Amino acid sequence: MAYEFSLRRRVEFAETDMAGIMHFSNFFRFMESAEAAFYRSLGFSIVKQVEGTGWPRVHAECDYASPLRFEDEVEVRLLVKEKRTRSISLLFKFLKMENGQEIVAARGAVTAVYITRSLDGALKATPIPEAFHQKVEAAPSDILGAWTK
Amino acid sequence: MAYEFSLRRRVEFAETDMAGIMHFSNFFRFMESAEAAFYRSLGFSIVKQVEGTGWPRVHAECDYASPLRFEDEVEVRLLVKEKRTRSISLLFKFLKMENGQEIVAARGAVTAVYITRSLDGALKATPIPEAFHQKVEAAPSDILGAWTK
Amino acid sequence: MAYEFSLRRRVEFAETDMAGIMHFSNFFRFMESAEAAFYRSLGFSIVKQVEGTGWPRVHAECDYASPLRFEDEVEVRLLVKEKRTRSISLLFKFLKMENGQEIVAARGAVTAVYITRSLDGALKATPIPEAFHQKVEAAPSDILGAWTK
Amino acid sequence: MAYEFSLRRRVEFAETDMAGIMHFSNFFRFMESAEAAFYRSLGFSIVKQVEGTGWPRVHAECDYASPLRFEDEVEVRLLVKEKRTRSISLLFKFLKMENGQEIVAARGAVTAVYITRSLDGALKATPIPEAFHQKVEAAPSDILGAWTK
(Lines give C-alpha, C1' and ligand atoms only; values in the text may rest on other atoms or scores of the structure.)
Protein backbone atom coordinates (compact mmCIF):
# COMPACT_ATOMS: atom_id res chain seq x y z
CA MET A 1 0.00 0.00 0.00
CA ALA A 2 1.46 3.31 -1.06
CA TYR A 3 0.64 6.84 0.04
CA GLU A 4 3.65 8.88 -1.06
CA PHE A 5 5.86 9.47 -4.06
CA SER A 6 8.61 11.74 -5.20
CA LEU A 7 9.46 13.01 -8.68
CA ARG A 8 12.51 15.03 -9.69
CA ARG A 9 12.23 17.46 -12.57
CA ARG A 10 14.13 20.32 -14.07
CA VAL A 11 12.42 23.55 -15.10
CA GLU A 12 12.44 23.89 -18.89
CA PHE A 13 12.90 27.15 -20.80
CA ALA A 14 9.40 26.94 -22.27
CA GLU A 15 7.98 26.74 -18.72
CA THR A 16 9.29 30.20 -17.78
CA ASP A 17 7.53 33.49 -18.46
CA MET A 18 8.75 37.03 -19.08
CA ALA A 19 9.07 37.59 -15.33
CA GLY A 20 12.00 35.16 -15.52
CA ILE A 21 10.36 32.48 -13.37
CA MET A 22 8.31 29.34 -13.93
CA HIS A 23 4.79 30.33 -14.88
CA PHE A 24 2.45 29.66 -11.96
CA SER A 25 0.16 27.44 -14.05
CA ASN A 26 3.01 25.01 -14.68
CA PHE A 27 3.16 24.01 -11.01
CA PHE A 28 -0.15 22.27 -11.67
CA ARG A 29 1.38 20.37 -14.58
CA PHE A 30 4.27 19.27 -12.36
CA MET A 31 1.73 18.00 -9.80
CA GLU A 32 -0.03 16.03 -12.52
CA SER A 33 3.28 14.56 -13.69
CA ALA A 34 4.06 13.39 -10.16
CA GLU A 35 0.58 11.90 -9.84
CA ALA A 36 0.90 10.00 -13.14
CA ALA A 37 4.37 8.74 -12.18
CA PHE A 38 3.01 7.64 -8.80
CA TYR A 39 0.29 5.54 -10.42
CA ARG A 40 2.75 4.24 -13.02
CA SER A 41 5.07 3.11 -10.21
CA LEU A 42 2.18 0.97 -8.94
CA GLY A 43 1.57 -0.63 -12.30
CA PHE A 44 -1.45 1.40 -13.33
CA SER A 45 -1.54 2.39 -16.93
CA ILE A 46 -3.46 5.63 -16.96
CA VAL A 47 -3.61 5.31 -20.73
CA LYS A 48 -5.88 2.31 -20.34
CA GLN A 49 -7.84 4.06 -17.64
CA VAL A 50 -8.52 6.99 -19.91
CA GLU A 51 -10.38 4.96 -22.48
CA GLY A 52 -13.78 5.27 -20.93
CA THR A 53 -12.60 6.30 -17.48
CA GLY A 54 -10.47 9.08 -16.04
CA TRP A 55 -9.60 11.34 -13.15
CA PRO A 56 -10.81 14.88 -13.88
CA ARG A 57 -9.96 17.41 -11.21
CA VAL A 58 -12.70 19.00 -9.11
CA HIS A 59 -10.28 21.13 -7.11
CA ALA A 60 -6.72 22.33 -7.49
CA GLU A 61 -4.73 24.86 -5.50
CA CYS A 62 -1.20 26.04 -4.98
CA ASP A 63 0.60 28.32 -2.53
CA TYR A 64 3.78 29.83 -3.91
CA ALA A 65 6.59 30.65 -1.47
CA SER A 66 9.66 30.99 -3.67
CA PRO A 67 9.93 31.18 -7.47
CA LEU A 68 11.39 28.38 -9.59
CA ARG A 69 13.75 29.40 -12.36
CA PHE A 70 15.01 27.88 -15.59
CA GLU A 71 17.18 24.80 -14.97
CA ASP A 72 16.23 24.62 -11.29
CA GLU A 73 16.01 21.03 -10.16
CA VAL A 74 12.88 20.51 -8.14
CA GLU A 75 11.57 17.57 -6.16
CA VAL A 76 7.79 17.22 -6.34
CA ARG A 77 6.66 15.22 -3.31
CA LEU A 78 3.18 13.71 -3.30
CA LEU A 79 1.11 12.54 -0.34
CA VAL A 80 -2.30 10.89 -0.43
CA LYS A 81 -4.39 12.96 1.96
CA GLU A 82 -7.72 11.21 1.65
CA LYS A 83 -9.35 8.45 -0.35
CA ARG A 84 -13.09 8.33 -0.72
CA THR A 85 -15.44 6.08 -2.69
CA ARG A 86 -15.28 8.16 -5.86
CA SER A 87 -12.45 10.63 -5.29
CA ILE A 88 -8.91 11.08 -4.08
CA SER A 89 -7.19 14.10 -2.51
CA LEU A 90 -3.47 14.60 -2.96
CA LEU A 91 -1.02 17.01 -1.35
CA PHE A 92 2.17 18.25 -3.00
CA LYS A 93 5.38 19.93 -1.91
CA PHE A 94 7.89 21.53 -4.27
CA LEU A 95 11.39 21.31 -2.78
CA LYS A 96 14.51 22.95 -4.13
CA MET A 97 18.00 23.70 -2.91
CA GLU A 98 18.78 27.33 -2.15
CA ASN A 99 22.10 28.39 -0.64
CA GLY A 100 22.84 24.81 0.32
CA GLN A 101 19.52 24.32 2.07
CA GLU A 102 16.36 22.57 0.99
CA ILE A 103 13.40 24.93 0.97
CA VAL A 104 9.71 24.48 0.20
CA ALA A 105 9.11 26.55 -2.94
CA ALA A 106 5.41 25.74 -3.12
CA ARG A 107 2.63 23.59 -1.68
CA GLY A 108 -0.25 22.24 -3.69
CA ALA A 109 -3.42 20.18 -3.38
CA VAL A 110 -5.59 18.42 -5.90
CA THR A 111 -8.85 16.50 -5.64
CA ALA A 112 -9.72 14.23 -8.55
CA VAL A 113 -12.91 12.27 -9.13
CA TYR A 114 -12.97 8.86 -10.77
CA ILE A 115 -15.36 8.96 -13.72
CA THR A 116 -16.69 6.88 -16.56
CA ARG A 117 -17.37 8.54 -19.88
CA SER A 118 -20.54 7.79 -21.85
CA LEU A 119 -20.50 7.54 -25.62
CA ASP A 120 -21.90 11.09 -25.81
CA GLY A 121 -18.87 12.35 -23.85
CA ALA A 122 -20.70 12.97 -20.56
CA LEU A 123 -18.66 12.27 -17.41
CA LYS A 124 -20.15 10.41 -14.43
CA ALA A 125 -18.54 9.91 -11.00
CA THR A 126 -17.97 6.20 -10.38
CA PRO A 127 -16.59 4.12 -7.49
CA ILE A 128 -12.80 3.78 -7.65
CA PRO A 129 -11.89 0.22 -8.79
CA GLU A 130 -10.87 -2.39 -6.23
CA ALA A 131 -7.42 -2.83 -7.82
CA PHE A 132 -6.72 0.81 -7.07
CA HIS A 133 -7.92 0.51 -3.46
CA GLN A 134 -5.57 -2.42 -2.95
CA LYS A 135 -2.52 -0.35 -3.83
CA VAL A 136 -3.24 3.21 -2.78
CA GLU A 137 -4.13 4.37 0.70
CA ALA A 138 -4.34 7.65 2.63
CA ALA A 139 -1.25 8.62 4.62
CA PRO A 140 -1.37 7.85 8.37
CA SER A 141 -2.42 10.83 10.47
CA ASP A 142 1.03 11.38 11.99
CA ILE A 143 2.58 11.62 8.53
CA LEU A 144 -0.19 13.98 7.45
CA GLY A 145 0.34 16.07 10.57
CA ALA A 146 4.08 16.36 9.98
CA TRP A 147 3.56 17.24 6.31
CA THR A 148 2.06 20.66 6.92
CA LYS A 149 4.94 21.89 9.07
CA MET B 1 -13.07 52.89 -9.45
CA ALA B 2 -13.43 49.40 -10.85
CA TYR B 3 -13.87 46.06 -9.13
CA GLU B 4 -15.17 43.75 -11.85
CA PHE B 5 -14.45 42.73 -15.40
CA SER B 6 -15.54 40.20 -17.95
CA LEU B 7 -13.60 38.50 -20.73
CA ARG B 8 -14.99 36.24 -23.45
CA ARG B 9 -12.79 33.53 -24.86
CA ARG B 10 -13.08 30.40 -26.94
CA VAL B 11 -11.33 27.18 -25.98
CA GLU B 12 -8.54 26.41 -28.46
CA PHE B 13 -7.60 22.95 -29.69
CA ALA B 14 -4.16 23.18 -28.08
CA GLU B 15 -5.83 23.83 -24.72
CA THR B 16 -7.58 20.45 -24.68
CA ASP B 17 -6.07 17.19 -23.46
CA MET B 18 -6.59 13.54 -24.37
CA ALA B 19 -9.62 13.38 -22.07
CA GLY B 20 -11.32 15.62 -24.66
CA ILE B 21 -11.71 18.60 -22.30
CA MET B 22 -9.75 21.76 -21.51
CA HIS B 23 -6.73 20.85 -19.40
CA PHE B 24 -7.31 21.96 -15.81
CA SER B 25 -4.13 24.05 -15.74
CA ASN B 26 -5.44 26.25 -18.54
CA PHE B 27 -8.21 27.64 -16.36
CA PHE B 28 -5.43 29.48 -14.52
CA ARG B 29 -4.20 30.94 -17.80
CA PHE B 30 -7.71 32.15 -18.60
CA MET B 31 -7.86 33.82 -15.17
CA GLU B 32 -4.57 35.57 -15.88
CA SER B 33 -5.83 36.72 -19.28
CA ALA B 34 -8.93 38.24 -17.66
CA GLU B 35 -6.75 39.93 -15.02
CA ALA B 36 -4.43 41.44 -17.65
CA ALA B 37 -7.39 42.62 -19.74
CA PHE B 38 -8.94 44.16 -16.61
CA TYR B 39 -5.81 46.20 -15.91
CA ARG B 40 -5.46 47.07 -19.58
CA SER B 41 -9.04 48.39 -19.59
CA LEU B 42 -7.95 50.80 -16.84
CA GLY B 43 -4.97 52.05 -18.78
CA PHE B 44 -2.29 50.06 -16.99
CA SER B 45 0.41 48.68 -19.20
CA ILE B 46 1.55 45.54 -17.43
CA VAL B 47 4.48 45.45 -19.85
CA LYS B 48 5.87 48.56 -18.22
CA GLN B 49 5.06 47.20 -14.79
CA VAL B 50 7.04 44.08 -15.46
CA GLU B 51 10.33 45.88 -16.01
CA GLY B 52 11.42 45.93 -12.42
CA THR B 53 8.00 45.28 -10.90
CA GLY B 54 5.36 42.57 -11.23
CA TRP B 55 2.51 40.61 -9.71
CA PRO B 56 3.69 37.09 -8.90
CA ARG B 57 1.02 34.82 -7.47
CA VAL B 58 1.19 33.62 -3.87
CA HIS B 59 -2.02 31.62 -4.11
CA ALA B 60 -4.16 30.21 -6.89
CA GLU B 61 -7.09 27.82 -6.77
CA CYS B 62 -9.89 26.52 -8.91
CA ASP B 63 -13.03 24.44 -8.37
CA TYR B 64 -14.20 22.63 -11.47
CA ALA B 65 -17.92 21.94 -11.86
CA SER B 66 -18.35 21.21 -15.56
CA PRO B 67 -15.72 20.58 -18.24
CA LEU B 68 -14.99 23.04 -21.03
CA ARG B 69 -14.56 21.61 -24.51
CA PHE B 70 -12.92 22.70 -27.75
CA GLU B 71 -14.67 25.70 -29.31
CA ASP B 72 -16.76 26.35 -26.18
CA GLU B 73 -17.28 30.04 -25.68
CA VAL B 74 -16.67 30.95 -22.08
CA GLU B 75 -17.11 34.16 -20.13
CA VAL B 76 -14.45 34.68 -17.48
CA ARG B 77 -15.84 37.05 -14.87
CA LEU B 78 -13.45 38.73 -12.44
CA LEU B 79 -14.22 40.34 -9.08
CA VAL B 80 -11.77 42.15 -6.78
CA LYS B 81 -12.25 40.44 -3.44
CA GLU B 82 -9.71 42.32 -1.36
CA LYS B 83 -7.00 44.91 -1.79
CA ARG B 84 -4.24 45.18 0.75
CA THR B 85 -1.09 47.31 0.93
CA ARG B 86 1.05 44.88 -1.05
CA SER B 87 -1.38 42.35 -2.49
CA ILE B 88 -4.67 41.86 -4.28
CA SER B 89 -7.14 38.96 -4.17
CA LEU B 90 -9.30 38.23 -7.17
CA LEU B 91 -12.26 35.89 -7.66
CA PHE B 92 -13.21 34.31 -10.98
CA LYS B 93 -16.26 32.60 -12.45
CA PHE B 94 -16.27 30.62 -15.71
CA LEU B 95 -19.67 30.84 -17.35
CA LYS B 96 -20.85 28.89 -20.37
CA MET B 97 -24.12 28.12 -22.07
CA GLU B 98 -25.39 24.56 -21.74
CA ASN B 99 -28.77 23.51 -23.12
CA GLY B 100 -29.80 27.14 -23.42
CA GLN B 101 -28.88 27.96 -19.85
CA GLU B 102 -25.88 29.76 -18.41
CA ILE B 103 -24.00 27.56 -15.95
CA VAL B 104 -20.94 28.09 -13.78
CA ALA B 105 -18.32 25.73 -15.17
CA ALA B 106 -15.67 26.70 -12.62
CA ARG B 107 -14.80 29.14 -9.86
CA GLY B 108 -11.30 30.40 -9.19
CA ALA B 109 -9.31 32.64 -6.86
CA VAL B 110 -5.90 34.22 -7.10
CA THR B 111 -3.83 36.31 -4.73
CA ALA B 112 -0.96 38.29 -6.26
CA VAL B 113 1.70 40.32 -4.49
CA TYR B 114 3.13 43.51 -5.91
CA ILE B 115 6.91 43.20 -6.09
CA THR B 116 10.01 45.00 -7.20
CA ARG B 117 12.84 43.01 -8.70
CA SER B 118 16.46 43.70 -7.73
CA LEU B 119 19.25 43.52 -10.29
CA ASP B 120 20.12 40.04 -8.97
CA GLY B 121 16.60 38.87 -9.77
CA ALA B 122 15.35 38.72 -6.18
CA LEU B 123 11.68 39.66 -5.70
CA LYS B 124 10.55 41.91 -2.84
CA ALA B 125 6.96 42.72 -1.82
CA THR B 126 6.32 46.45 -2.25
CA PRO B 127 3.36 48.77 -1.61
CA ILE B 128 0.96 48.90 -4.56
CA PRO B 129 1.39 52.27 -6.40
CA GLU B 130 -1.06 55.09 -5.74
CA ALA B 131 -2.16 55.19 -9.41
CA PHE B 132 -3.38 51.62 -9.02
CA HIS B 133 -5.24 52.36 -5.79
CA GLN B 134 -7.05 55.22 -7.51
CA LYS B 135 -8.52 52.92 -10.13
CA VAL B 136 -9.01 49.53 -8.50
CA GLU B 137 -11.06 48.82 -5.42
CA ALA B 138 -12.53 45.81 -3.62
CA ALA B 139 -16.10 44.90 -4.49
CA PRO B 140 -18.77 46.10 -2.00
CA SER B 141 -19.78 43.44 0.50
CA ASP B 142 -23.24 42.88 -0.99
CA ILE B 143 -21.72 42.18 -4.41
CA LEU B 144 -19.19 39.85 -2.80
CA GLY B 145 -21.94 38.10 -0.89
CA ALA B 146 -24.04 37.57 -4.03
CA TRP B 147 -21.01 36.29 -5.96
CA THR B 148 -20.64 33.05 -4.10
CA LYS B 149 -24.21 31.92 -4.68
CA MET C 1 -15.10 29.06 -52.16
CA ALA C 2 -12.62 30.39 -49.63
CA TYR C 3 -8.82 30.35 -49.64
CA GLU C 4 -7.87 33.01 -47.09
CA PHE C 5 -8.66 34.08 -43.57
CA SER C 6 -7.44 36.50 -40.95
CA LEU C 7 -7.44 36.23 -37.16
CA ARG C 8 -6.50 38.93 -34.67
CA ARG C 9 -5.00 37.92 -31.36
CA ARG C 10 -3.14 39.47 -28.47
CA VAL C 11 -0.08 37.83 -26.92
CA GLU C 12 -0.87 36.58 -23.42
CA PHE C 13 1.52 36.69 -20.47
CA ALA C 14 1.62 32.89 -20.24
CA GLU C 15 2.76 32.76 -23.87
CA THR C 16 5.98 34.65 -23.16
CA ASP C 17 9.23 33.12 -21.92
CA MET C 18 12.11 34.40 -19.80
CA ALA C 19 13.66 36.05 -22.86
CA GLY C 20 10.72 38.46 -22.67
CA ILE C 21 9.20 37.41 -26.00
CA MET C 22 6.53 34.98 -27.17
CA HIS C 23 7.92 31.45 -27.01
CA PHE C 24 8.63 30.23 -30.54
CA SER C 25 6.42 27.15 -30.10
CA ASN C 26 3.37 29.35 -29.54
CA PHE C 27 3.48 30.65 -33.11
CA PHE C 28 2.34 27.15 -34.09
CA ARG C 29 -0.59 27.41 -31.70
CA PHE C 30 -1.58 30.74 -33.23
CA MET C 31 -1.49 29.12 -36.69
CA GLU C 32 -3.77 26.36 -35.45
CA SER C 33 -6.17 28.90 -33.95
CA ALA C 34 -6.38 30.73 -37.28
CA GLU C 35 -6.96 27.42 -39.08
CA ALA C 36 -9.77 26.41 -36.71
CA ALA C 37 -11.39 29.85 -36.99
CA PHE C 38 -11.15 29.61 -40.79
CA TYR C 39 -13.01 26.31 -40.84
CA ARG C 40 -15.50 27.59 -38.27
CA SER C 41 -16.22 30.61 -40.49
CA LEU C 42 -17.24 28.13 -43.19
CA GLY C 43 -19.61 26.25 -40.93
CA PHE C 44 -17.37 23.28 -40.19
CA SER C 45 -17.48 22.05 -36.64
CA ILE C 46 -14.06 20.60 -36.07
CA VAL C 47 -15.42 19.09 -32.88
CA LYS C 48 -17.62 16.81 -34.94
CA GLN C 49 -14.76 16.10 -37.30
CA VAL C 50 -12.58 14.99 -34.43
CA GLU C 51 -14.86 12.14 -33.42
CA GLY C 52 -13.40 9.55 -35.69
CA THR C 53 -11.68 11.96 -38.07
CA GLY C 54 -9.10 14.71 -37.76
CA TRP C 55 -6.32 16.74 -39.30
CA PRO C 56 -2.98 15.70 -37.78
CA ARG C 57 0.00 17.66 -39.04
CA VAL C 58 2.67 16.01 -41.18
CA HIS C 59 4.72 19.17 -41.53
CA ALA C 60 4.98 22.49 -39.71
CA GLU C 61 7.52 25.26 -40.03
CA CYS C 62 8.04 28.87 -39.05
CA ASP C 63 10.51 31.62 -39.94
CA TYR C 64 10.86 34.26 -37.27
CA ALA C 65 11.76 37.80 -38.34
CA SER C 66 10.78 39.95 -35.36
CA PRO C 67 9.80 38.90 -31.83
CA LEU C 68 6.27 39.26 -30.49
CA ARG C 69 5.90 40.61 -26.97
CA PHE C 70 3.27 40.52 -24.23
CA GLU C 71 0.13 42.45 -25.22
CA ASP C 72 1.24 42.80 -28.84
CA GLU C 73 -1.74 42.63 -31.15
CA VAL C 74 -1.00 40.35 -34.04
CA GLU C 75 -2.88 39.51 -37.21
CA VAL C 76 -2.48 35.90 -38.28
CA ARG C 77 -3.21 35.69 -42.01
CA LEU C 78 -3.89 32.29 -43.55
CA LEU C 79 -3.70 31.27 -47.21
CA VAL C 80 -4.56 27.86 -48.68
CA LYS C 81 -1.48 26.94 -50.71
CA GLU C 82 -2.53 23.55 -52.00
CA LYS C 83 -5.34 21.07 -51.64
CA ARG C 84 -4.76 17.45 -52.48
CA THR C 85 -6.94 14.34 -52.19
CA ARG C 86 -5.97 13.61 -48.58
CA SER C 87 -4.10 16.70 -47.40
CA ILE C 88 -4.07 20.47 -47.29
CA SER C 89 -1.14 22.91 -47.15
CA LEU C 90 -1.59 26.28 -45.48
CA LEU C 91 0.63 29.36 -45.36
CA PHE C 92 0.64 31.89 -42.54
CA LYS C 93 1.87 35.44 -41.99
CA PHE C 94 2.13 37.13 -38.61
CA LEU C 95 1.63 40.89 -38.99
CA LYS C 96 2.14 43.50 -36.31
CA MET C 97 2.44 47.27 -36.13
CA GLU C 98 5.89 48.62 -35.34
CA ASN C 99 6.61 52.34 -35.35
CA GLY C 100 3.39 52.99 -37.22
CA GLN C 101 4.16 50.46 -39.90
CA GLU C 102 2.87 46.95 -40.48
CA ILE C 103 5.70 44.41 -40.52
CA VAL C 104 5.82 40.66 -41.04
CA ALA C 105 6.96 39.23 -37.71
CA ALA C 106 6.93 35.63 -38.91
CA ARG C 107 5.90 33.32 -41.74
CA GLY C 108 4.66 29.80 -41.25
CA ALA C 109 3.50 26.77 -43.17
CA VAL C 110 1.56 23.67 -42.16
CA THR C 111 0.53 20.53 -44.01
CA ALA C 112 -2.26 18.49 -42.46
CA VAL C 113 -3.60 15.12 -43.53
CA TYR C 114 -7.24 14.16 -43.27
CA ILE C 115 -7.52 10.93 -41.29
CA THR C 116 -10.00 8.51 -39.88
CA ARG C 117 -9.31 6.89 -36.54
CA SER C 118 -9.96 3.19 -35.98
CA LEU C 119 -11.31 1.89 -32.69
CA ASP C 120 -7.77 0.87 -31.70
CA GLY C 121 -6.64 4.48 -32.10
CA ALA C 122 -4.70 3.97 -35.35
CA LEU C 123 -4.85 6.89 -37.82
CA LYS C 124 -5.37 6.35 -41.55
CA ALA C 125 -5.17 8.98 -44.33
CA THR C 126 -8.56 9.36 -46.01
CA PRO C 127 -9.97 11.42 -48.90
CA ILE C 128 -11.12 14.86 -47.77
CA PRO C 129 -14.97 14.95 -47.71
CA GLU C 130 -16.87 16.52 -50.60
CA ALA C 131 -18.46 19.17 -48.31
CA PHE C 132 -14.98 20.44 -47.54
CA HIS C 133 -13.96 20.54 -51.20
CA GLN C 134 -17.05 22.61 -51.99
CA LYS C 135 -16.02 25.36 -49.59
CA VAL C 136 -12.21 25.41 -49.49
CA GLU C 137 -9.93 25.88 -52.49
CA ALA C 138 -6.29 26.68 -53.13
CA ALA C 139 -5.44 30.35 -53.67
CA PRO C 140 -5.05 31.43 -57.32
CA SER C 141 -1.44 31.49 -58.49
CA ASP C 142 -1.20 35.29 -58.63
CA ILE C 143 -2.30 35.56 -55.00
CA LEU C 144 0.17 32.85 -54.06
CA GLY C 145 2.92 34.63 -55.95
CA ALA C 146 2.23 37.95 -54.24
CA TRP C 147 2.11 36.28 -50.81
CA THR C 148 5.78 35.48 -50.61
CA LYS C 149 6.93 39.05 -51.27
CA MET D 1 34.29 18.96 -29.30
CA ALA D 2 30.69 17.80 -29.36
CA TYR D 3 28.17 17.64 -32.16
CA GLU D 4 25.50 15.25 -30.92
CA PHE D 5 23.36 14.59 -27.90
CA SER D 6 20.48 12.43 -26.81
CA LEU D 7 17.67 13.12 -24.34
CA ARG D 8 15.06 10.67 -23.11
CA ARG D 9 11.65 11.97 -22.14
CA ARG D 10 8.18 10.66 -21.46
CA VAL D 11 5.08 12.31 -22.90
CA GLU D 12 3.07 13.98 -20.13
CA PHE D 13 -0.73 14.09 -19.94
CA ALA D 14 -0.77 17.88 -20.30
CA GLU D 15 1.17 17.53 -23.56
CA THR D 16 -1.60 15.57 -25.27
CA ASP D 17 -4.60 17.07 -27.05
CA MET D 18 -8.17 15.90 -27.64
CA ALA D 19 -7.01 13.84 -30.63
CA GLY D 20 -5.32 11.61 -28.06
CA ILE D 21 -1.77 12.36 -29.24
CA MET D 22 1.00 14.78 -28.28
CA HIS D 23 0.14 18.22 -29.61
CA PHE D 24 2.34 19.01 -32.60
CA SER D 25 3.66 22.24 -31.01
CA ASN D 26 5.16 20.27 -28.12
CA PHE D 27 7.68 18.57 -30.41
CA PHE D 28 9.35 21.98 -30.61
CA ARG D 29 9.50 22.14 -26.82
CA PHE D 30 11.12 18.71 -26.72
CA MET D 31 13.72 19.92 -29.24
CA GLU D 32 14.45 22.92 -27.04
CA SER D 33 14.81 20.69 -23.97
CA ALA D 34 17.34 18.53 -25.82
CA GLU D 35 19.24 21.63 -26.93
CA ALA D 36 19.40 23.04 -23.40
CA ALA D 37 20.51 19.67 -21.98
CA PHE D 38 23.18 19.46 -24.69
CA TYR D 39 24.64 22.83 -23.71
CA ARG D 40 24.31 21.98 -20.02
CA SER D 41 26.29 18.77 -20.62
CA LEU D 42 29.11 20.98 -21.91
CA GLY D 43 29.09 23.20 -18.87
CA PHE D 44 27.18 26.12 -20.36
CA SER D 45 24.65 27.72 -18.10
CA ILE D 46 22.03 29.08 -20.44
CA VAL D 47 20.60 30.98 -17.48
CA LYS D 48 23.70 33.15 -17.44
CA GLN D 49 23.63 33.43 -21.20
CA VAL D 50 20.10 34.74 -21.10
CA GLU D 51 20.95 37.79 -19.03
CA GLY D 52 21.83 40.07 -21.88
CA THR D 53 22.35 37.33 -24.47
CA GLY D 54 20.29 34.50 -25.87
CA TRP D 55 19.49 32.17 -28.75
CA PRO D 56 16.19 33.20 -30.34
CA ARG D 57 15.06 30.97 -33.18
CA VAL D 58 14.95 32.24 -36.75
CA HIS D 59 13.68 28.96 -38.15
CA ALA D 60 11.99 25.87 -36.79
CA GLU D 61 10.40 22.95 -38.58
CA CYS D 62 9.15 19.46 -37.93
CA ASP D 63 8.03 16.51 -40.04
CA TYR D 64 5.68 14.16 -38.25
CA ALA D 65 5.70 10.49 -39.22
CA SER D 66 4.03 8.73 -36.29
CA PRO D 67 2.10 10.22 -33.36
CA LEU D 68 3.43 10.18 -29.80
CA ARG D 69 0.99 9.24 -27.08
CA PHE D 70 0.72 9.77 -23.32
CA GLU D 71 3.43 7.91 -21.41
CA ASP D 72 5.37 7.09 -24.58
CA GLU D 73 9.09 7.16 -23.92
CA VAL D 74 10.86 9.05 -26.64
CA GLU D 75 14.52 9.63 -27.40
CA VAL D 76 15.22 13.07 -28.81
CA ARG D 77 18.49 12.90 -30.73
CA LEU D 78 20.27 16.14 -31.63
CA LEU D 79 22.90 16.75 -34.29
CA VAL D 80 24.75 20.01 -34.99
CA LYS D 81 24.25 20.54 -38.70
CA GLU D 82 26.07 23.82 -39.16
CA LYS D 83 27.82 26.46 -37.10
CA ARG D 84 28.23 29.94 -38.48
CA THR D 85 29.61 33.16 -37.01
CA ARG D 86 26.33 34.22 -35.44
CA SER D 87 24.04 31.21 -35.73
CA ILE D 88 23.75 27.47 -35.26
CA SER D 89 21.58 24.92 -37.07
CA LEU D 90 20.47 21.77 -35.28
CA LEU D 91 18.76 18.62 -36.50
CA PHE D 92 16.52 16.42 -34.37
CA LYS D 93 15.11 12.91 -34.53
CA PHE D 94 12.34 11.59 -32.31
CA LEU D 95 12.76 7.86 -31.77
CA LYS D 96 10.30 5.53 -30.10
CA MET D 97 9.77 1.80 -29.80
CA GLU D 98 6.81 0.36 -31.69
CA ASN D 99 6.13 -3.36 -31.83
CA GLY D 100 9.65 -4.05 -30.59
CA GLN D 101 11.26 -1.87 -33.22
CA GLU D 102 12.72 1.60 -33.01
CA ILE D 103 11.01 3.97 -35.41
CA VAL D 104 11.51 7.64 -36.27
CA ALA D 105 8.34 9.37 -35.08
CA ALA D 106 9.43 12.82 -36.23
CA ARG D 107 12.34 14.83 -37.61
CA GLY D 108 12.99 18.45 -36.76
CA ALA D 109 15.33 21.31 -37.48
CA VAL D 110 16.03 24.58 -35.71
CA THR D 111 18.25 27.54 -36.52
CA ALA D 112 19.05 29.88 -33.64
CA VAL D 113 20.91 33.18 -33.73
CA TYR D 114 23.19 34.34 -30.95
CA ILE D 115 22.06 37.77 -29.79
CA THR D 116 22.77 40.47 -27.27
CA ARG D 117 19.88 42.40 -25.81
CA SER D 118 20.06 46.18 -25.35
CA LEU D 119 18.56 47.86 -22.32
CA ASP D 120 15.51 48.80 -24.41
CA GLY D 121 14.91 45.12 -25.15
CA ALA D 122 16.08 45.19 -28.78
CA LEU D 123 17.87 42.03 -29.95
CA LYS D 124 21.05 42.19 -32.07
CA ALA D 125 22.84 39.26 -33.75
CA THR D 126 26.33 38.88 -32.28
CA PRO D 127 29.31 36.58 -32.92
CA ILE D 128 29.07 33.34 -30.93
CA PRO D 129 31.58 33.43 -28.01
CA GLU D 130 34.92 31.66 -28.33
CA ALA D 131 34.17 29.37 -25.37
CA PHE D 132 31.20 28.01 -27.29
CA HIS D 133 33.23 27.47 -30.45
CA GLN D 134 35.77 25.48 -28.46
CA LYS D 135 33.17 22.96 -27.35
CA VAL D 136 30.58 22.74 -30.11
CA GLU D 137 31.24 21.83 -33.72
CA ALA D 138 29.25 20.78 -36.77
CA ALA D 139 28.91 17.04 -37.35
CA PRO D 140 31.31 15.51 -39.93
CA SER D 141 29.77 15.19 -43.38
CA ASP D 142 29.54 11.37 -43.24
CA ILE D 143 27.56 11.54 -40.00
CA LEU D 144 25.34 14.22 -41.49
CA GLY D 145 24.83 12.13 -44.60
CA ALA D 146 23.85 9.05 -42.59
CA TRP D 147 21.48 11.08 -40.42
CA THR D 148 18.92 11.72 -43.12
CA LYS D 149 18.45 8.06 -44.00
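Observations, loosely collected:
Labels A, B, C and D are assigned to the chains in the order they are written; within every chain, residues are numbered from 1.
Basically, a contact is a pair of C-beta atoms (placed from the backbone, for glycine too) under 8 Å apart; a residue touches a chain by one contact, two chains touch by 3 or more.
Just so you know, these numbers come straight off a predicted model, no measurement behind them.
The greater number of contacting C-beta pairs, out of the two interfaces B-D and A-D, is seen for A-D. A straight line joining the Cα centres of subunit B and subunit D is 34 Å long.
Inter-chain centre distance (subunit A to subunit D, centres taken as mean C-alpha positions): 29 Å.
The multi-chain contact residues of subunit A, meaning those touching 2 or more other chains, are 13-14, 18-21, 25, 29, 32, 50, 69-70. Under the stated contact rule, the graph of chain-to-chain touches is complete, every pair of chains being in contact. Put simply, subunit A touches subunit B in their complex at residues 18-21, 24-26, 28-29, 32, 50, 54, 56-65, 67, 69, 117, 121, 123. Of all residues in subunit D, only 13-14, 16-21, 23, 25, 69-70 touch subunit B in the complex they form.
For subunit C in complex with subunit B, the touching residues are 12-14, 29, 32-33, 36, 40, 45-47, 50, 69-71.
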